[in-house]
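Going by the order they are written in, the chains are A, B, C, D, E and F; count residues from 1 in each one.
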Amino acid sequence: MSGMFGFGRPQPSSAEKIAAAEQEMDLVTDMFNKLQQACMKKCVPKDYREGELNKGEGVCIDRCASKFFDVQMKISELLQAEAQAKGATGGGFGVGGL
Amino acid sequence: MSGMFGFGRPQPSSAEKIAAAEQEMDLVTDMFNKLQQACMKKCVPKDYREGELNKGEGVCIDRCASKFFDVQMKISELLQAEAQAKGATGGGFGVGGL
Amino acid sequence: MSGMFGFGRPQPSSAEKIAAAEQEMDLVTDMFNKLQQACMKKCVPKDYREGELNKGEGVCIDRCASKFFDVQMKISELLQAEAQAKGATGGGFGVGGL
Amino acid sequence: DGLTAAEQREFQSRMERKQMKEFMGMFSGLVNHCFESCIDDFTTKSLVQRETGCVTRCVKKFMAGSERIGQRFQEQQAQMMQQPPPGR
Amino acid sequence: DGLTAAEQREFQSRMERKQMKEFMGMFSGLVNHCFESCIDDFTTKSLVQRETGCVTRCVKKFMAGSERIGQRFQEQQAQMMQQPPPGR
Amino acid sequence: DGLTAAEQREFQSRMERKQMKEFMGMFSGLVNHCFESCIDDFTTKSLVQRETGCVTRCVKKFMAGSERIGQRFQEQQAQMMQQPPPGR
């Protein structure tokens, strides 16, 4: 990743900064898609007899999204705890503040 | 990669043309895979008691493909109509003539 | 990117070697994910009443993995045979020794 | 910050490609979902009226759901920005 | 048009990679599908005869279906080229 | 072999990105799977105790299964290295 000449980190190159930003965008997109799929599946019947979201479906989606975030957070904590238990050195992984 | 000297938009660079062509190929591939999966699921039973497509399955696949294209077209029109209703400026989005 | 001066095929460029190595890694990753998903689905009930893999689940996973590899191998052979029957010239395709 | 003009242009063009890719992914997911949900009659080659209606409602409902989920998603992202990550 | 020799070579090599990727995707999808459909007995470590037979037929049928769908797909793509997109 | 220092650096950085991507894929797959399996009650906005417990066990079991499958996978990869591919 760095250390052209083995000494120092020669700035995180802008190509690298771009790559990191892109990866984060990809994770957010992926999560959004998974959330949408999961909550449409849990809350909206597939027979499509009406085109509007009715009130019950809307409320269900709100709660579903909220629980999805909770699960994300919970799993992020579990993975961080496990990484620490394994004695992972350094700042540890775990997806940001997810 | 392009625009070495940073002044002006120096033609849509060939790298960009390549990227656009690749993206179109990706969409076509993706659609083909989705179509295949959907129509195998709708038309071919999963017990695989025979290795040939029988006549009924073949006819089903033809109709299934045809309806898949219709749905693609229909949804493309709906999205374009919605984009126009929202007053999207310019040529609008919507996947080509799909 | 390579072959700056466009004459001759100047060694399979290192960029190409990297790309090939990456593709192989991607296939291995993809296969691992598919295997995991398939065998978790076949061997582990989704109600999660306990957090440990019990003995039966462990044995099931071992056999499931073994059969997954067999299916991989079998399908690889079938595709190679078909490619040869079609008179595909050259070393043929088929995913390596899979 | 710290990007040359050429790099900025490259970055922007990649972001545009990414957005295009996301749009295409959404489109193909929508086609797939509404086809799966609405089409089950293979005695005809063209969509029958019932199917066309179902697809139309499916798209409408999908967009409405998508928008609503998008709002929740943004609220949550904003909230996360304010809180520092736990356990650091 | 307008590509230098080096760019053409780069383009070609990307297309080859993309084809390889598509082939790999097809392969892994096929393995997944036929495994899912044919394997359900985990009392043995190796495939039993019934399973091997099922996998063979699964691959054969998948290829036949794929070819047929490919034909319909090409016809439709060709047709789309002739018609200008609607509403322009 | 045959890579310049700059190319090696580029290669390594791509591998790191790929690993990060794989980790993220695993994370998002895990969230998706455990959410699907454990959450079915939308009368409340926050997780109830039963759901939290289920998610915890789901993650634990997934990791255990993943590790076990990883072992089988590595054994098989090692075995494949020794055998030359069939029919060459």
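We adopt the following convention: contacts are C-beta pairs under 8 Å (C-beta built on N, C-alpha and C of every residue); 3 or more make two chains touch, one makes a residue touch a chain.
To keep track of the chains, here are their UniProt names: A, B, C = Mitochondrial import inner membrane translocase subunit.
Note that the structure is a prediction, hence the values are computed from the model and not measured.
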Chains contacting each of chain B and chain D, listed by label
none
Using mean Cα positions as chain centres, tell me which chain lies farthest from chain D.
C
Centre-to-centre distance between chain F and chain C (centres being mean Cα positions), rounded to whole Å
15
Measuring centre to centre with CA averages, how many angstrom lie between chain C and chain D?
29
By the touch definition above, chain E meets two or more other chains at residues 4, 10, 25, 34, 36, 38, 56
Spell out, as numbers or ranges, the residues of chain A touching 2 or more other chains.
43, 62, 66, 98
Taking chains as nodes and touches as edges, what kind of graph is this: line, ring, star, complete or other?
ring
What's the ring order, kicking off at chain C and moving to chain E?
C, E, B, D, A, F
Report the residues of chain C in contact with chain E in the complex, numbered from low to high.
1-6, 16, 19, 23, 26-27, 30-31, 34, 38, 42-43, 59-60, 62-64, 66-68, 70-72, 74-76, 78-79, 82, 93, 95, 98
Where on chain A does chain D make contact in their complex?
14-15, 17-18, 22, 25, 28-29, 32-33, 35-37, 39-40, 43-44, 46-53, 57-58, 61-62, 65-66, 69, 77, 80, 96-98
Per the touch rule, the chain D residues reaching chain A in their complex are 2-4, 7, 10-11, 14, 18, 22, 25, 29, 33-34, 36-38, 54, 56-58, 60-62, 64-66, 68-70, 72-73, 76-77, 80, 83-87
Contact residues on chain E for chain C in the complex?
4-6, 9-10, 13, 17, 20-21, 23-25, 27-28, 30-32, 34-36, 38-40, 42-47, 51-52, 55-56, 59, 63
